[in-house]
Amino acid sequence: MIIRPHQHWFFRLFDWHGSVLSKIKNRLFLNVAMSCVALICLDWYETLGIKLTLAPFSLLGIAIAIFLGFRNSVSYARFNEARLLWGNLMIQQRTLLRQVKTYTQASDEELRPFVNLQIAFPLLLKDQLRKNAPSSDIGALLPADLWESLRRDPFPCNQILFLMGKWLERYRQRGDVSDILFQSMDQTLSRLASIQGGCERIASTPVPFAYSLIVHRTVYLFCTLLPLALVPDLHYMTILVSVFISYTFISLDALAEELEEPFGTAANDLPLNSLCNDIQINLLSMLGERNLPPRHQPNRHFRLD
Amino acid sequence: MIIRPHQHWFFRLFDWHGSVLSKIKNRLFLNVAMSCVALICLDWYETLGIKLTLAPFSLLGIAIAIFLGFRNSVSYARFNEARLLWGNLMIQQRTLLRQVKTYTQASDEELRPFVNLQIAFPLLLKDQLRKNAPSSDIGALLPADLWESLRRDPFPCNQILFLMGKWLERYRQRGDVSDILFQSMDQTLSRLASIQGGCERIASTPVPFAYSLIVHRTVYLFCTLLPLALVPDLHYMTILVSVFISYTFISLDALAEELEEPFGTAANDLPLNSLCNDIQINLLSMLGERNLPPRHQPNRHFRLD
Amino acid sequence: MIIRPHQHWFFRLFDWHGSVLSKIKNRLFLNVAMSCVALICLDWYETLGIKLTLAPFSLLGIAIAIFLGFRNSVSYARFNEARLLWGNLMIQQRTLLRQVKTYTQASDEELRPFVNLQIAFPLLLKDQLRKNAPSSDIGALLPADLWESLRRDPFPCNQILFLMGKWLERYRQRGDVSDILFQSMDQTLSRLASIQGGCERIASTPVPFAYSLIVHRTVYLFCTLLPLALVPDLHYMTILVSVFISYTFISLDALAEELEEPFGTAANDLPLNSLCNDIQINLLSMLGERNLPPRHQPNRHFRLD
Amino acid sequence: MIIRPHQHWFFRLFDWHGSVLSKIKNRLFLNVAMSCVALICLDWYETLGIKLTLAPFSLLGIAIAIFLGFRNSVSYARFNEARLLWGNLMIQQRTLLRQVKTYTQASDEELRPFVNLQIAFPLLLKDQLRKNAPSSDIGALLPADLWESLRRDPFPCNQILFLMGKWLERYRQRGDVSDILFQSMDQTLSRLASIQGGCERIASTPVPFAYSLIVHRTVYLFCTLLPLALVPDLHYMTILVSVFISYTFISLDALAEELEEPFGTAANDLPLNSLCNDIQINLLSMLGERNLPPRHQPNRHFRLD
Amino acid sequence: MIIRPHQHWFFRLFDWHGSVLSKIKNRLFLNVAMSCVALICLDWYETLGIKLTLAPFSLLGIAIAIFLGFRNSVSYARFNEARLLWGNLMIQQRTLLRQVKTYTQASDEELRPFVNLQIAFPLLLKDQLRKNAPSSDIGALLPADLWESLRRDPFPCNQILFLMGKWLERYRQRGDVSDILFQSMDQTLSRLASIQGGCERIASTPVPFAYSLIVHRTVYLFCTLLPLALVPDLHYMTILVSVFISYTFISLDALAEELEEPFGTAANDLPLNSLCNDIQINLLSMLGERNLPPRHQPNRHFRLD
């Protein structure tokens, strides 16, 4: 994710980092090339008696803009829901620890293994969503045998939740926590399970493929044919206007593609590393830990992973 | 559902599988034919003094694009809600088993019949939603008499939920589980009932028929008349431009029709088989089962059922 | 509601039943007449030096399409919420009966009067929403004095819920059901009250009247003036193009009007009779009843009431 | 709110009551005047060599329609949320009384003061939202000293809720109601508090002022300049077309302004008096009261306050 | 936030305060300058044989309006969610105090430290969201050592919630409050934690940067090139029309930028100071305090901070 400090509106126009420009520059060069071809062939082209006027392109461009607008809404809704789920993950983790600390009155020492499970949960979820193997620094938090078993489990987060439940159940069994208070903590666990399931759903269900295909295709075909329709009126200005229009459409198409998969590692995707780090700092700080890990900061291109 | 591995933007333009192109190719050929007719009749047509200009089509095309955009939103919202319900089904099934394992402290052996009910639930729901008879592999999971009774029941999922409730009630009766913990599990059952009801609602309530009819009709009439309006200006280019515009509108209309019924078996519908399979693997793995069934994979056309 | 079996896309274009065409044919004839008047007066009209060009109509048409699109969203949202409430009604009724059967362990015989209250609830709600007197077949389900009192009550569903609560309270008083389990059932009753209140809200609050009036009026004025703007260019084609554009706009306006009142009895409204019937079958089947009433089927015009 | 009985589509076109026409007639007259000025100055104006063509207005008009469409969505969402909150208020009041009657088994006589608090709650909320002093008929429902104290309280609804809680607490203290049942009733009180807070939020937070200002301004400037762009082509028809386009834009702007403040007293705002009246009738009827106050009816202009 | 008393529609057109005009006047002057350049160069420009017609700008302008409309929706949704969270904060604070007063029956004196924690919570949240150090007047409410510790805590609100939980736990430990009633209060605390987490999420996650960059850039490039396309037809009117169109687009872009960060201090952002003040007044008034602090009022530019 790009976290840009406030910029003057004027300098913002020329901001290079964080835009999708670097991604689509090849496609815009193709468009420039197409415009040049159209310019060169103009004389020969006019002898054919074919006049590709702008009118049908106008109609088509607006229609494509409407569909692209819809595709952007859908992609943004996925991005937003993913962020909401991770925000909720932070909330429920804090609430769970607050409940456990208040109800069980366990010492910080006793709580440590439980908090380690809490810290491992988002880390494992992150690796699962990005289709990576569980990263080895999770192992440092957990007993060796558990770590072994988690690495072989296709749904390790599930197992963590089950262990948390069992950890809490011990207090209930011993009568330290009444059924009612246990119920409250258990509901928080269920909410963590909902968050995990929601993230898995987003990761495993792309936007209907035909949809992104149709929009992608029509955007490109439109931008490719556009110079032919512009050139009879605009001559040399064709290059400028055609690249401008193409930039508008192609960059939004490219951005929609990035936002569509919010758990990816593209510039505009969610900074899962940093969110995991935030959760860890919060939980450790609630445990009275002094040596908190430093907070992740955006890199010099204002990007947070 | 189509699960496409990442493609370069350029090759994506020529992807054939997973688009709706195969479905609408007849309609596009009709459009080519209409364009040819328009081209051939052009001379005779111009002597009639009728000039079908593009202007009214421009207005109409944009209006239709707006309505088509709305229809797409509605269809996608149905698809999305259906996916949400099945994602929630996975979540509640996991939560239920976690609760049952933690609260009742039953052995994995004792839990087996209950987990079989859990596995049968999504399978029965799938067959009900797709209007198929319950598939015979469900029978293997259940006692023979129950299987007989389920096959005759118009709402078999309902009966499964009732049996789950009775199974849990036994533990409450014996005093193994307090009323409060029983309440928690019972609420999870109620959520399963809500999911079932939600799916039935989507399956039994189509998008208001007049709505899809009006959009479908105006899209086709528009695409059919379009060549007549394009031909005076574009001559031979009419075929290209007319097919391009028609592709944009007709493919979105066809996709909206697919997404409208998310429980169908078209290429862009939900992969219910694979979702049932995922739930089964999750539940069995939570039960400590070693021999898990393999996960469904997309076929060579990247399609997951 | 229209439940149309799958049609080939081509034949669908000529489907007559279930469209709003029958409703708007008069308005389209008026439009044809207007086009003919415009054609006949064309020569005289041109001598006046007034040229009603299409350009302002193009602008206006797109603006109206945007507003009509919004009005359609609003109407559809009402339809959808109404369907959601009735779907939820089914869910809560099933859940309530499951809870009552599991918790109270009452025999099917004892449960019968309670289930009759459950069956009467949607029937009374339906009649209230459609502003009919309670239909007499509800009387057969209930004790005579209750039926008398319900017929005089302006909010009979309310009274049914209160009686259900009292019926459950008896079991709590006798100690058959603990406070906690009673709480669960009582929450289900509260959800039924929410559903009732939600339906009443939709029925008693129309879309802001000025809104539907403004859209209705501008659509008609637009369609009436349109032939005057089309005729200078299109001559005889005016009739075809003008009717086509009018069909697009007027049919969507008419459909929005139908969906706006989802509890009405128009072709695209909710099939409340059939939903009540479904609830009844479900409840009786859960009670082990053998002689279930038959399920409602769409009539030969594919319409379900 | 306007509650219009069903009208034939044709007569609806000429409905005067309930439209915003009366509100915007001055603005439309200004527009007619502007058109006349444009007509008169046409000759002089053409000698200046300035040609204000419709093309930039077309672009601008569509852009404004898009923004106006968004503003309408926002205003309608506020209206709808306000209606939802008041609908929910009815639901929670009924549920609360049902719970209190069932759980406490208090006689109707004992319940009377509590029901009076319930009836006073929406009345006080209404006056607070409309920024009126509490109307004196509330005083008749309450003890004199409470009434005095409420009149001086800036948030009287808050105090009512607190008194309700204390009233219920008495039953809990006496052991008539268990903690669990008390919890259920208390949650209903919390929902009433949420409704109150939601209404206060809508009333105290307008749509961002700059937003409605920008749209308001561009709509008017657009409508004022429009005749200048129409007159070269349309001559005398300018008046008709310009008023028609202005009507479409200005009436929607005026309506958005009305819906924006749903607790106001304009024609399309919520009928808070009638909603309070409905709640009162419901509660009294649940208490077995015979002499119910009559229900509010729309006045002869179909308006309900 | 701007709280404008009702204005006549005519005077509203000339309202200066609260619009974003002051912010964008430089950009509009640039546009005027560009128009003048275009006017001066017109003759030389026409000799180049380049004709920048309005048609491609029309297409582009509408496309940009659609994307800008989407960006406005996204920004407004953030603003609205932020307002919802703070509205909910008020609701939960009131509910918490109502519950604590009713359940614990503590005297107002005993409650004072708890209410101080409640008052400190929104103040600390406000400072955290606006990235300020905790303001010193919070210190007056709290014990000195707690204040010291809060100032060093990166997430002070978290600590406040934990202290509230511990304060309530004392009553539970002493048996003054049963587990069930404690559960109700604890759930209210969890809701406060959700609100805090939601606000932090909005503050730490901007709208995807590429999105606002693309729209910002295309809006400016469009407005800059527009005079070149308008000047051949409109001559001197170019300045007026070009500034008008630019005003429409640029002001909405600037407003979207303000609403995007609802916790900022721009004119259209949320009045967090005033919301904190309202919460304080409510809580103190519920505690029977006589000397309530005065309510914040809009300043003479109708602005509330």
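Every chain is named by a letter (A, B, C, D and E) in the order it is written, and numbering of its residues begins at 1.
Here, contacts are C-beta pairs under 8 Å (C-beta built on N, C-alpha and C of every residue); 3 or more make two chains touch, one makes a residue touch a chain.
The model shown is predicted, which means the values in this text are computed figures rather than measured ones.
Q: Do subunit D and subunit E, two copies of one chain sequence, contact each other through the same residue numbers, with over half in common, or through different ones?
A: Because under half of the interface numbers appear in both copies, subunit E and subunit D meet with different residues.
Q: Specify the angle of rotation obtained when superposing subunit C on subunit E by their C-alpha atoms, rounded to a multiple of 5 degrees.
A: The best-fit rotation has an angle of 145 degrees.
Q: Could you please state the distance in Å, as a whole number, between where the Cα atoms of subunit C are centred and where those of subunit D are centred?
A: The computed centroid separation for subunit C versus subunit D comes out at 24 Å.
Q: Rounded to a whole Å, what is the gap between the Cα centroids of subunit B and subunit D?
A: So the centroids are 38 Å from each other.
Q: Can you pull out the residues of subunit A that are in contact with at least two other chains?
A: 55, 58, 62, 66, 69, 73, 180, 183
Q: Order of chains around the ring, counting from subunit A in the direction of subunit B?
A: So the chains, read around the ring from subunit A toward subunit B, go A, B, C, D, E.
Q: Which of the residues in subunit B come into contact with subunit A in the complex?
A: Per the stated touch rule, the residues are 1-4, 9, 12-13, 15, 18-20, 54-55, 57-58, 61-62, 65-66, 68-69, 72-73, 76, 79, 83-84, 87-88, 90-91, 94-95, 98-99, 101-103, 178, 180-181, 183-184, 188, 230, 233-237, 241, 244-245, 247-249, 251-252, 255, 258-259, 267-268, 281-282, 285-286, 295, 302.
Q: Using the touch definition from the top, list the residues of subunit E that touch subunit A in their complex.
A: 27, 48-53, 55-56, 58-60, 62-64, 66-67, 69-70, 73-74, 153-155, 158, 161-162, 165-166, 169, 179-180, 182-183, 186-187, 189-190, 193-194, 196-198, 200-201, 205-206, 208-211, 213-214, 216-218, 220-221, 225, 254
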